[in-house]
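Two complexes come next, and they have one chain in common, chain A, joined by chain B in the first and chain C in the second.
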Partner chain A sequence: MKRFRFNQQEIVFAVFALLFLVFSIFLNGFLTAENMLTLLQNVAVLGILGLAMAIVVIGRGIDISLIAALAVPPGLVLQMVQNGHSLPFSLLIAVLITIAFGLINGWLIAYAEVPSLFATLATGLLLAGLGQAALFQLDVVQWSQGMNGFERLGQGTILGIPTSIVMFAVACIVVAFLLRQTRWGAYIYAIGDNPYAARVTGIPSRPIIVLQYVIAALIGCFAGLVMAASVNSMPTRVFNSTLIYDVILVVVLGGIGLSGGRGGVLNVIIGTLLIGTMLNGMTIMDISYAGQNLIKGVVLLLAVITDSFLNPRNEETAQQGDI
Partner chain B sequence: MRDTITSLRYRYWPDHLLGEILSKRWTETAIPVILLLIVGFAFSRSIDNFLSPASLADTARQAGEIGFIALGLALVVIVGGIDLSVGSIFALTDFCALYLLDVAGWPVPAVVVATLLCGALLGAVNGILVGYLRLRAFITTLITLIIYRSAYDLLIQRYSNAIASAFPDIPSWDFIGAGSVLGIPTVALAYIVIAIFGHIFMTRLRPGWHITAIGGSRRSAYNSGIPVRRTIALCYVASGVLTSIGALFFASRLGTVGGDIGVGLEVIVLTATVLGGITLGGGKGSVAKSAVGVLIVLLITNGLTTMNARGGVNRMALAGILLVAAMVDIRWQKNRTRIISKVYVAPTYHELPPPPPTEIGQGGPFEQNDKLRDVEAIGLGRIEAPEDVILDRHDNLYAGSRHGDIMRFLAPDYQKMEVFAHIGGQPLGMAFDREDNLYVCIGGMGLYRIKPDGTVEKATDETNRSLRSVNDDSRLRLADDLDITDDGLIFFSEATVRYEMDEWPIDGLEARGNGRIISYDTKTGTTRTELRGLKFPNGICVASDGQSILFAETFGCSIKRYWFAGPKKGAVEVVMDNLPGYPDNINLASDGNYWLALVGMRSPSLDLAWKMPGFRRRMAKRVPVDEWLFPNINTGCVVKFNEQGKIVESFWDLHGENHPMITSMREHRGYLYLGGILNNRIGRYKLDNADPNFVQYDKRWGKQS
Partner chain C sequence: MNNPTKATLAALALAALTGPALAQQGLDEPFQKPFKEALAGKTVAYVPVAMNFDLTEGWYAGLKKELEPYGVKFVIRDANWNTNAGAQAVTSLITEKPAVMVVHNPDVQTYAKLLQRAENEGIYVIQINMGSAYRSSAFVGANWVEIGERQTEGVVKACEGKSNKIAIIQGALSAAASAYTLKGVENVLAKHPEIKVVSSQAADWDAAKAKAITQTVLKQNPDLCGIVGFWDGMDIGTAAAVKEAGLTGKVFLATSGGGERKGACELVKSGAFDLNMSYDVPTQAAQMAGTIKWLLSSGAKPGSIKGSEYTTLIPITKENADSPTACWNLSDLKK
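For the complex of A and B:
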């Protein structure tokens, strides 16, 4: 007899549908056209960050310096334009800094063999501290005349769809192509599944790991640009917020196991929708920031516990000291 | 001239110390301590009043508070986890203490107990999740960090005004926060007491060892029956309790519940832990390391604050230090053994004159012959590695084996073989005392005594530690051969104090005087080092005068005499030097002369290499071990020499058919019994013109029953 089983993707989707249904029925102003649009716009940035995190998590890592990559290089663009540099030049500098940052992360993790959580925790602090100490004059970097036209990255509509959602869609397509259609993507899955086997097979695992973090940082920078464009400023204190936990939540709830090698873009979309609905509902219910954090924390904890049952750690390939 | 300079340089420059110091565990603590001194010195030069008593007392209070949290984190890191929620636990327990004291109005002792319980509870949540549910420590405590933090935020929204408006005036509470005993702040005093207990706990008590074992290898710890899950969970509980102790002192010192209390604390404590040298991933760490790390981090952050650095700079400095320290630690742990093995071998200058000839036709006492070609093989293929052979008064033959047994071949035909005693280490030299107890030198274990009924007892495995040695030389690493004087004093040689049994050829490559001669008094049970700095001392034989011993220095290629009694007591004299081979065991012959085994013959290449220490060091660094130039021990011979050090006769197996490799020999009733450490047999050779009734112990101590 074949046992009837849900896979995680279906469960999460069912939870999302249920939550959506409950909110639609019991929350005034949830199921309106404007709210749906706000919801989607709000989660676009989260979704893009989720894609970056997904790439790293599939390769059995984690990148909690993403928020620093989101805040500092785009903030630098705004600051440089404010100081009179041209927009393309500022963008170029920001991209170079992001690549350098990704390379440092990747080198620390792949070559110096510092655990990824630990390395990115420290490099994130380093980059945020650098921004705070040397790059920005104010915590919120303001929009200036030189940026005009750039706000279309995050505002307005393309073919009737809000631009930020289009940007999320574009990012999804690019990442899906990278992961599914290129050899590089296959390597990431292989490394995430079993790093030693991947290495023995002849996959250049160290360069691929470095590449993962570079791509993740670039996507993070892209998300920051979209965010800055949509709010016409760059609040660099976002680094101190709990945004990174939302990103991890998206990935884990979406069904990309933290032990690596599983999941894809579809999981990120589902996770994003679920978190977006949850956050939106809590905002409408007027739960305080701390209360929201508490709820998110508990949900994340439950998700991680479930994940550890669904995707148990592989004791054969789990490293000693793999914290 | 050049050789003289080389010889002086290698005689007086202690090359061997580098490897020995590096292989000490305390070097890993020494580096952070040096860093601490440098940081302290730098800041005291650049900032006025940095080391003033007031400033120091303030630092001590902060250090105490953070020190408690760092102790908890150290415990968790050593067990193989991590606890990022300490900052939030700190905030919550700080709130708990102040709420109970100011709002609920509890008495101080109850507040203290309740706060500690609160910390234990918060830690227990982490402990259950990580220990029992086996979640990833990093991600789990990151989540509890948010949960606890948002709980704290919710709580202070409601109660911060009530707490801020209360001004409790309780002397005992103020004493906790601001008091001092003999000028030392209470918190520092409490920290010192708990740190000392922590040190004893980690190094001397069973639970501490369990924690280290789990951190070292979780699976092995589980397999050896340690309650892994419970121990891990308890470590998180302990971390919560220690954090709440820090929070108690903080609460009584400042009495505030600001929104940013404990924010980013985990990074400071983590930096302190890693900087102190506690390895991420577990298994290594100590209380001292944690304390040193805390002091460095506090000096740096306080120094930067005093110099008015911007908040971002402080953050960058911490993150940068954290990264560099983690990287250095990870690389060091990974490459430690490789680095040590590269620098450990420290060859020295060793010059020998050209050896006397051994080739046929060149004459001389060592001229090769084929006398041993027809030796009879005992126990062929049944015994492995009989380094030494010995016969008792009843003609039974004893030999050691590679498997850690003493084998006995029964007289008269030596066909029947039995295990006389099982020891567990490889038996080397052997000797009987007057009561027919068999004393055996066991490589890696020490000196053991086997009673005639086969029971094994340890005689000694340690001697006095020499003050100037870096390696702990109190343990016996490679006890090699022994003999017993008429007064029951046992002299035995320890070939090297720098290498283990399986690495003994490397000692030959080094050609340094690493060996020593040790005496063990059977009457008093005391062990004493007699001679040091010998080049692989090996065979030992009490000379016929009863006042001196003859001993062989294998890589010194010489036989020396040491007077342990009589008018020349304490003197050492060369009997024979520049032997053509490497001398091994020495034993008494029936005619009053001595037998000597040459385990291998010198070769011009090694003789030359011994004069070129730099060459050998490069070889040890760059070439894999199995391609090193080692002393030859494939072929050797037995010689007989007299009291004056003149060779009387030599015995060879020229074609290497029956017994080319010889490490020991015993004469017994007209036969010579031969042992060899690489052999699968014991040789028996019929001596011409020998006393057919010669029994070594009967001759020395008279016949017994």
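For the complex of A and C:
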């Protein structure tokens, strides 16, 4: 007899659906097309970052340095344009720095075999520190004349849909294609599921790990450009914020296990939707900041507890180092 | 004519006769030498909540420019948004005994006891822009309550004959500057019961959060007539949301900041902000430097005299945003 069981993805989706239903019925002005677009727009950058994190987590790693990749290369673009360089040249430099950064992360983790948590913690600090000490004049890098036109990446609409949502959708499609349709994607799952078995079967696991971090850094940089375009500046201090926890939350809440090998783009979308709905509903209700944190914490805790009741840990497959 | 007056006249006449003769030899001004001696070789320690933003960089550059020519040594302890690191920096400075500490408090309580100890140890403490519960030799900075009041007055005026719906975008809840500003907002709103606050949320000084909140609020209340924002660095996001909703010029956005040209005047000119209450950082820096000179040359015992210098605010609007004096350039101050 097949037992009726939920997995985390379904639980989170159920919580999201319930919350959505309650808000739609009781909250005036929640269920309008315009508000739905605002809701998505507000979490688009978080969602894009979630995709980057998902790639790394599926491959059984974690990338704490993602926010540095979000803040520093796009900040550098704004700073260089402010200093009189051309936009394409500045973008090229930023992309090169991002790739180099991803390569360093990947090399440390795949070849030097430093655990991903510590490697990316250190490199993130390094990149953010470099930005603060050498690259930026001020924490908030302002928009300048030379950037005009570029704000369309994060503002305005395409066919009536706010651009940042379109950017999130594009990123979703690209990442879904990478994970599900390419051989590299299959390798990432294999490495995440069982790295030793993957290596034995002849998968080039080290280069694939490096690739994961390079792609993650590039997506992080892309998210940063969307964010900068959307607020007309780059607040590089975002590195000191708790954004990285939100990103991990989106990924884990959506049902991508930190032990690797499971989940996909759909999980990120669900996690993002849940967070977005909560934030939007609470803003409409004008709940105080402390109250919002309390509610966020309770909802997340409930989802995680329910999951651990319904899906207890399997002692045979649980591994040392699982978070 | 009585006698003292006569004597004075006589003295004046004598002075007129002998004056030219003395001028040829030069006259020593008796107070400048002790002043120079009081400053030379002294250490001024600067503890901002973080470097790398317009306010703290501006103060630093301004203080350096004023004091270094007199042989004052400058040390900087960057707390980098970390309250603990800041408290440690202040603690270790107390043992290092600089002559003056210039302290930018992250909140009202954390440094209060330490600053009292510093003054007991013979260090002058000047608190800037964000004060603590301890009143030290001098406070130089903005009056946040006044900033909140004047911003709100601007918004209330702009709302006349409109929907009277306003939103408030606060900073971080733990920051005194944010709480004081909110008090100012409340003071004015108490006099205007017709104004309805549809949203009052904290955006943590974060432009992206401010934008998200403002977007949602504008969707719910497209007839909003004004927003009171608490810092121009954050309200870039608020302004971006207003612009995206196509409401620039219809929603009056008041904010405040240090008056740096890119962050203040240029954004007022572009229509992003309608009012930016500036606490003019170079003037603040000059007042700090003046206070340091006065304290060091006075010989007063640290903690024995206490005073405040609240900054005279500059309201930046479309009218004066073009003027060369309403705003300042960080690059000029660093020259």
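One rule holds for everything that comes next: the second predicted complex is superposed on the first by the 266 of 323 C-alpha atoms of A that agree within 3 Å, B and C clash if a C-alpha of one lies under 4 Å from a C-alpha of the other, contacts with A are read in each partner's own complex, and residues count from 1 in each chain.
Everything below uses one rule, namely that contacts are C-beta pairs under 8 Å (C-beta built on N, C-alpha and C of every residue); 3 or more make two chains touch, one makes a residue touch a chain.
In this text the structure is predicted, and so the values were computed from the model without any measurement.
With both structures placed on the common chain, the touch criterion links A:Ser86 to neither chain B nor chain C. Judged by the touch definition given at the top, the superposed model places A:Pro235 against chain C, while chain B stays out of reach.
Judged by the touch definition given at the top, the superposed model places A:Ala290 against both chain B and chain C. In the superposition on chain A, A:Thr182 makes contact with neither chain B nor chain C.
When the shared chain is aligned, chain B and chain C each come close enough to touch A:Gln132. In the superposition on chain A, the chain among chain B and chain C reaching more residues of chain A is B.
Note: residues 132, 288-290 of chain A belong to the chain B contact set and to the chain C contact set alike, using the contact criterion stated above. By the touch criterion stated above, chain B contacts chain A in their complex at residues 80-82, 129, 133-140, 142-144, 146-147, 149-151, 153-154, 157, 217-219, 267, 279-283, 310-320, 322-323, 326-327, 330-331, 334.
Interface of chain A with chain B (complex): residues 62, 108, 112-115, 117-119, 121-126, 128-134, 242, 245, 248, 258, 288-294, 296-298, 300-301, 304-305, 308, 313, 315, 319-323.
On chain C, the positions that touch chain A within their shared complex are 50, 52-54, 57, 80-81, 173, 198-202, 204, 206-208, 211-213, 215-217, 219-220, 233, 236-237, 239-240, 243-244, 262-263, 272, 330. For chain A in complex with chain C, the touching residues are 29, 32, 34-35, 38-39, 41-42, 45, 132, 136-140, 142, 144, 155-156, 162, 227, 230-233, 235, 237-238, 240-241, 279-280, 283-284, 286, 288-290.
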